[in-house]
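Pasting the structures in now, so scroll down.
Both complexes below contain chain A, partnered by chain B and then by chain C.
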Partner chain A sequence: MAANSQLPRRIIKETQRLLSEPAPGISASPSEDNLRYFNVMILGPTQSPYEGGVYKLELFLPEEYPMAAPKVRFLTKIYHPNIDKLGRICLDILKDKWSPALQIRTVLLSIQALLSAPNPDDPLAEDIAKQWKEDEAKAVATAKEWTRQYAQG
Partner chain B sequence: MNSDDDYYSDNDYDGSVGSDDESGSEDDYGFDLTTVEEDGTRRPPYTVLSEEDILSEQREAIDGVVSVLSVDTSTATTLLRFFKWSVSRLHDDWFQDEARVRAKVGLPPSSSNEGVAKASTTCQICFDEYAPDKLRSASCGHFFCQECWQGYLKTGINDGPGCLSMRCPLPDCNSLVPETLIEELVEADELAKYKRFHLRSYVEDNHKVKWCPAPGCCFAVELKSAVPAANEPLDIGCKCGTSFCWSCDQEAHRPVDCETVKKWVLKNSAESENMNWILANSKPCPKCKRPIEKNQGCMHMTCTPPCRFEFCWLCLAPWSEHGERTGGFYSCNRYDANKNAGEYDETEKRRENARNSLERYMHYYERWAAHEKARVKAQEDLKEMSDDKLKRLSECQSTPVSQLKFVTDAWTQIVECRRVIKWTYGYGFYAELSQDRRNFFEFMQGEAELSLDNLHRAAELELAPFLSLDTTPTSSPVPAGLAASPSTASYATSPAGSVSSLYGTTAAFDDFRSKLTGLTAITKHFFDTLVCQLEKGLDSSDNTQVIEAMVRSKTSEKWKI
Partner chain C sequence: MQAAGDVVVPRNFRLLEELEKGEKGFGDGTVSYGMDDQDDIMMSSWTGTIIGPSNTVHDGRIYSVKIHCGEQYPNGPPIVRFVSRIVLNSVNQQNGTVEPRSFPLLANWNRNYTIETLAVCRRSSKRRNACT
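Entry: the complex of A and B
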C-alpha cells in the first residue's frame, strides 16, 4: 500500500477516467491491493473471428510509466498471428513507438483494433501467421473455434 | 551520390591540403600511400582524426551552415546530422526547397512562433495544469511541462543514438526536439551522453569517415578523396599503429584486392585444422634434424652450435645458395622451381603431390604465415626500439635521438614490407597469370623479399652490438668531443678480446648508418615497384625495363645484396 500512496497524479486521473467514461467494449479496473495492476476485459470486435468472445488481459504500469510503456498480456487463449501462446502482444506502441502522451485507454483501443485487423506479415506466433497467409479461411475458422472454446462462458 | 563526392572533395581540397602535404612527405616511409593529383602534387588521401579534431570539424561544418543558411546553431546541427554531414547535399536541397527540407527534417516553418505557450495549459503527460513559463514545446505547439520533458528526454538519451532525432512526444507529431531544449532541460550526465552520440554521428553517419577498427583505438579516419569502389583496396595507417583497409576493414592489404583477401582469410580459417599439425611452429634443421623454432624476424637461419648450419627458413636450402654467385637466391619463393627441381629422393612423389592442391596451398600458406609472424615480431621490435632501445643507443653512441631516426625508419619499412610481401602470397595463390606475367611477378617478389631479408637482418643483428656497450662502466656518458675519436676509455676497460668494443668507434656506427639507410631505400624502391606493377596488372610490355632498372639499382648500391 505504501507504493499506492505515492501514485502519480497522472495514474490516478487515468484510472478515474477509465472508470467513469469507459471506452466501448473495454473495461479496465485497478486491482485492490496494487493500483498499478489492472484487470482488463476486451470484447471481441464485431465482424472479426473474435466476435462474441470476452477476452481477459492483465495490464501493469511499471515504475517508469508514463516514460515507459505499460506491460500488457492476454490471459484468455486466442488464435491470432500477433499474439503468442503466452498472451504476449506484438504491437509497436508497446515497444519502440511508445510515447508518454499515449495512455492506458489508447493502448487498449489499439489492442482492440489489432483484433479487427490481424497482421500476419509482422508475426509473433509464426505457425499461426503461416496458417493465416496460406489459408486465411481455415485460419479464421480456427480463430472462431478458439473463441467459442476459450472466450465464452 | 556521385555528385556529392565531387563536391565534397572539391571543398576539402581548396582549403586545407597544403599543410597536409608537407607533413605527409616528412615521414614518407612505408610505401606510397599518397595519391598523385593532376597538378603533380602528392598527398595522403585521408586524415586521421582525434576526438578533438572531430569536434572541431563538426564545429566548423556547423558554423559554415549557420552563416550560409542564416539559421541558428541548433538548426544547423540538426540539418547536418539529417544530411549525414554532407554540406553539399544540404545546400542543394535547402536552396531548392527550404520548406520541404524543414518539413522532412521536422523543423518548424521559418516564421513559426509556436515554441512559447500563451496561456496556462494542461500537460498532456502528467495531466497537471501549468503556467506558460513552465511549459515547453518542440516548436509545434504541443506543450508539456518541464518535468515531463526531462523524463522524456532522459529516457530517449538512455535508449541510444536514436536520441539525436527525438520527436515531439505527441504520437504522429513529426516535430524534432530542438538542441536548445535538450541543452536547457537535460542533466549533466545525460547531456554528456547526448554529446557523445552527437560526436559519434560525425563518424558513423558520414560515409567519408569511419572509426579505426583496432580494439580500443579512439581515432577516426576521414577520406579526402572519393570513396573507393567496392573491392578496391585503400590502405589506411591509423595513428595508433594499425593499418587497415578502408573498403573491407581487414588488415591493410594493398596491392591485393579485397575479394582475394577475403577468400584467402576464409580459406585459411577453413584449413587451419589441417595446417596446425602440418605447419607446427617448428622445422627440423635440414642438416642435423634438430627441431628449430623461429623466434626472430629474418629468413636467414643459423642452427645452434655445434651444427651452425646456415639455411633459408622457407626453402630449407643452405643460405650460401641464396647469393648472387649462384643466381638462385630467390629460389625460396619459386614454387615451380622447387617442383621441377627433381633432385630429391622422392622426386616422383613430389611430382605427384605437386598436382595436389593442398600442397600448392601449403606452399603459399606457409610463406604467408611466415611473413605474418615476421611482421608481428618486427612490429614488437619497432615498439621496443622507440620505447626503450633508441635511448640506449643514443647513450652508447653519444648521438642525439633525433639523429637515430634512420633506425626507426628501417623498422617501419620492415613492418610495412612484411605485410605487403605476405599478401603477395595470397595474390599468387589466386591470380591467374600467363607464364610471362607469373615469371615477372615472381622475379619482383623475389627481389623484394631478398632485399627485405637483408634489411631485416641488418636491423636485427648488426644493430645489437652497438647497444651492448653500456655494460662497461666508463663508456657512458662519453663527452661529445671524445666520441669523435675512437673511444679509448671504453676500449681500455672492455674485457680483453671483446669484439663488441670495436663498435665503440663512430666510424663503425657511421658505416652501419649508411648501410641501413641504403638498405631501407632500396627495399622501399623494390616494394614500390612491386606494388605499382601489381596495381597496373603486371602489364608485360615494360617487363624488361622494370627488371633492368631493378638490377641496375641493386648493383649501383654500395651495400650489395
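Entry: the complex of A and C
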C-alpha cells in the first residue's frame, strides 16, 4: 500500500462512496495493488440490446485526475457504434466535455446510458455505425447475439 | 523503482497510450510499430519496422520485428524477435530472438521503457554494440 500513501482525499472519498452506495447495475472496486485502477462491472440496461449482459470494464485515474478525465475501456466484447474493438469508448465527457465536477460514478452512469442510447452519428466503430444506420433491426439483433455470446459474466 | 506516491499506469492503459503514439507516428519515420491483431483485447502482439541506419551494413534495409508484451509488461520486458534475417551479436541466429543477456535494454528493463524506446534503441545499437 506504500505506493498509494499519497492518494488524494477526493479519490479516497469517491472510492468509499462507490463501495458503500453503489449505483444500480454498476459496481466498481479498486485493485489491491493500485488504488487508482478499478475493476468495473456494468449490467446491460433493460430494454436495450445489451439486457442480460454483464460487462467488465477497467478504469484508471491518471495523475491529473480530477483535472483530467478517468480512462475507461470495455474488456467484454460488445457490438456498439460508439465502442471499438479494443473497448475504447467514444463519449464526450471522457474527452472535451470532461469537468472536475464529474466523478467516477457519473462517468459509469453515462456509459450505462450510452448502452441504452447508441449514437451511430458519432461513431467510433465505423462498420458497426454503418450497419446501425442502414438496418437498425439487424444491428440490434447482432448486438443481442453478441450479448448472449460474449457478455455472460 | 517507484517512489511512494507515484502514479502507476496499469499495463492496458499504458499499451493504449503506446498504440496511439504508434498510430500518430514519431521521429523521422525510420522506426514504426503497431498492433498485429486489432481484435486482441489484451494487446499482446506487435510488429515493428526498422529501417537500417545509413553508413552501416544495414543501410536502406527494412527489418521487421515481432514484439510480445506479456502480462507482466511494462514491469517486465517484452520478447523481441527479428522476422527478417539479420546478423547481429545479440540476435539468436536460429530463431531471430533478441537475447536479453546481450542486449542491456532488455536485461536492465524498467517500466519507463516503451516499445518505442526499444525499437529506436534497436536501431541505434546497429551502430554501437550496446544501448543504455
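Going forward, the second predicted complex is superposed on the first by the 149 of 153 C-alpha atoms of A that agree within 3 Å, B and C clash if a C-alpha of one lies under 4 Å from a C-alpha of the other, contacts with A are read in each partner's own complex, and residues count from 1 in each chain.
Please note the rule applied: a residue touches a chain if its C-beta (ideal position, glycine included) is under 8 Å from a C-beta of that chain, and two chains touch if they have at least 3 such contacts.
Here the structure is a predicted model, which is why all the values come from computation and not from measurement.
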Chain A as common anchor, with chain B and chain C clashing or fitting: fit
Partner chain(s) touched by A:19 [first = chain B, second = chain C, both, neither]: neither
Touched partner set for A:141, first chain B, second chain C, both or neither: neither
Chain B versus chain C as contact partner of A:86, first or second or both or neither: second
Chain A residues touched - chain C or chain B, whichever exceeds: C
Touching partner for A:113 - first (chain B), second (chain C), both, neither: neither
Contacts of A:67 with chain B and chain C, given as first, second, both or neither: first
Superposition-derived minimum Cα distance between chain C and chain B (Å): 18
Of all residues in chain A, those that touch chain B in their complex: 8-10, 13-14, 64, 66-68, 93, 97, 99-102, 106
Chain A to chain C touching residues, read off their complex: 2-6, 31, 34, 36-37, 58, 60, 62-63, 71, 73, 75, 77, 85-88
Of chain C, residues touching chain A in the complex: 2, 4-10, 12-13, 16, 19, 38-39, 41, 43
Contact footprint of chain A on chain B as seen in their complex: 124-128, 142, 144, 148, 151-152, 154-155, 169-171
